[in-house]
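Got a structure here, written out as structure tokens. Questions coming.
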């Protein structure tokens, strides 16, 4: 696919070697298609070309988390269509239109009532936080996005900004992986923390369960990410690839009560909270075996 | 209560001190009311009077398990009415009639169909094994006794004899505790092994579940006892008080499939088998936390 | 035992019937030996004589929790010697001296360093909260009391008052049970919530582990009680007998990190938090099966 | 790679389409390189060419399990070098020499003592069963093969034949996947049953643990396969791809005692036995969360 963008011709899908062979100007344009923040693009260009795909992904996270400011994050948010608002989706951001549409495929399949609810929640979100609702929507149904936005609406402004900027970066990485087709994000660079919820009373994975990740900082629990279990009961992308948590105490809170209700179970546990220690860059898998009157967790592998 | 028995007047309910103060002849008569085996009574009398209630109970088990033979055990079996056969119950064994009736109270409450089934199973049992079905019936419903007899009918003659003689001794100890009213069997001298089954999908104990205890001897699993969980999901009297298992490997097998069916659950586990090591005379508690698609066991305290 | 107190002769140990047959004046004096708060004693007298021991215990809790004020609670606190300060213990409150000494027996066995630490913590507590440290010390070692006081020192004034007054009431009930010798507090009127911690990596109970109980009220978690597991890993008296929690969401937080350290285990869980729903007056047992890299909880029976 | 074999030129590595385009004679030769049994090769040729890679794999299992006899299985066993006997390895079966060497790579790395033990066990096996020890050695160390052969030596002749022929078929499928390079055995056609053992007292997978799979047939447990957990605690190839178990009761027995010993743990469970129901062709994952005094199993996904 060849795309005419300003005065440069850029092959939008390339492999890592081709990407590294771009001129700095071309690389800047390509990166901006992944995230419109000037600071992030400029931060990335300092390290261009990259030693390896892994280095690219790690730098992408470092530039975003450590070198960008609130202003930069909000600049990036403005580069998105609103999720669920298909009209604005069609008008905004021509070069990435196809991707944005694809990223929101599952939203498109939802029925009208949920889309209306989503639209109202989007408005409420914008009104509370001052920027549009950002979520890595890939693979999520409109219903799941509604569940997530409702939880995130309860956050303070300070907390929500951190979550929104994490989601922004997940989208950036997905776009990087679309741009550079041998960037194996799924297997090589998974989320530092993953989870899995199995319902051992039904024998099947618990899907659609919201999970909140928080870190203990300066005497307080601060939100880091909010995800929702997929059809296999898993959250594989709780953190963006390349984002490594510092050593310390973290907790995941599983919203079990709505799940029990959806399964007509009379559960004993309104929430399940699991606190654990991160001490290195190894992958952490923290699963939950849930049943109405008991649960088990363990450090997975 | 004063009872005229042959030429001796014996106060049937006494305390431990009064029991120890009986003449040997009186003690023999009192003990025979608990178990009619001559060898057992004579074995006990050798140690009479006893240093403590604990010593009495331990000797009762040792005499029965180690010094009695198949003939002695079968002699004791003949001292019982058939469970559920209320006619024979009324005619047989006048001196212990009241106790035997009491021991079978719960049987009396069952409906006719179950009693008929029980009667037929009793016949089948007698016909297969050559002696009447012996079970410590205290606290068990007729339905539970039917479940137990059906499992025990599957045993070989050799295996069943061991189980029947264990049940005989449980009855003996219950009678000893009725005879000597400060013999605190419940708290001081509980079964060497106990179990407890909780259904964590319903949050309530799993009652009426048969559990088989076996020991690994000479390369084979040999049955030791078969019990059934009570209304609190427990089997407190799997072994008679005073009977201590030798060090070695043991297993308990829980009949989960009939339980799942009775709860309309579609369980994954037809049976749950737990193998464990006994290495001393401490109490062993081996509980089961069961749900349809998962279970947990642990060494309790 | 006959004790001369003011102008009344009161037999300090009596049975329930004898207690009910006291004159109101005598009953008032007897109750005041259990708790010096005027409001509580007067509240109790309104219901005197009591229909049953259970009614007495329930009224004791209701009067204390629902009809007494902060002032009343603090009045009761003043009726105590400081835990560990054996000098003041000997001088204060002659009529209840023997009981107070007994309640603190285990403290007396501690070594000097721990008593010094306890003494300093008592000072710090008094200085922060304005009243002496109240704890139901029966069965607790000085080391365990040190662990508890350290946790309670972290509370806000508002939160700590609730915990202190709960402890005060546990002491009151223990004294009521000493006064009226057929008040079977242990079996009939246990704590509405109990817990039990088993370490399944060692196979033995986890003793000395602090556990905090909180209730979710008006959008916040508010402390209710702080206990510590005994030698059998249990906390049987987390709440005073007769105190029933209202329906709602509660959580227990187990301080696992210090336990892991004491066992030289490298545990994954700094704390274990279990949230659950109370919906009736049934007994709730919420146990924890802990190991370094996994844990299980269930609704016990 | 082109190999001259008799009068036919065959490209030994090909894709599925190329394989389907072989003449029947060429296909026969290619299949014989995977398993030398005439009956199996002839059975396969009846279905040649295959509709899909899946069909090929399913037919491979059906021909082997359902249409081959004891004689056919033993014919196939003769087509192998002995594991660990590197001399015979070099002389026997020239065309597949490279593969056989590769399949036994890990064996080659073992130290001399283990190879000697392996050699003696091979002799003992041959002497007991009358054919050489067959095992799918890929990924297994000589130590692990020693552990497996020791367990299999305990089998009866009848039982062991079933296990050996299952191993033979795993090797066949591995060779089919080497022959036809787009046969995605790993992801598409995994073992009907898999397992995973995590040690929750150390937080790491339990590796090198033997696991026996048995099916309940005609009132008896009959062995089906014996595997050993890999470095990640998993057995992914307990059954050959394409082999589907019929509906019924199965059990897995985990040899926990040697594992506890190797970890210097004093475990309560000499073995862990898990019985479960297979009712369809879905994948079954039966994991074990093990610690010294407790364990959990569940139906995974």
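Order of writing sets the chain letters: A, B, C and D. Residues in each chain are counted from 1.
Note that in this section a residue touches a chain if its C-beta (ideal position, glycine included) is under 8 Å from a C-beta of that chain, and two chains touch if they have at least 3 such contacts.
Computed from a predicted structure; not experimentally measured.
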Any chain in contact with chain A as well as chain D: B, C
Chain pair with the higher count of C-beta pairs in contact (B-D, B-C): B-D
Chain whose Cα centroid lies at the greatest distance from that of chain C: D
Rotational angle, Cα trace of chain A fitted to chain B, multiple of 5°: 180
For chain C paired with chain D, centre-to-centre distance based on mean C-alpha positions, whole Å: 61
Mean-CA-position distance for chain C and chain B (Å): 41
Chain centre separation in whole Å, for chain D relative to chain B (CA means): 47
Chain C residues counted as touching two or more neighbouring chains: 198, 200, 203, 268, 289, 293-294, 296, 298-299
For the chain B and chain C complex, residues of the former touching the latter: 198, 200, 203-205, 232-233, 289, 296, 298-301
Interfacial residue positions of chain A with respect to chain C in the complex: 249, 251, 267-277, 293-299
Residue ranges of chain C in contact with chain D within the complex: 198-203, 268, 289, 291-294, 296
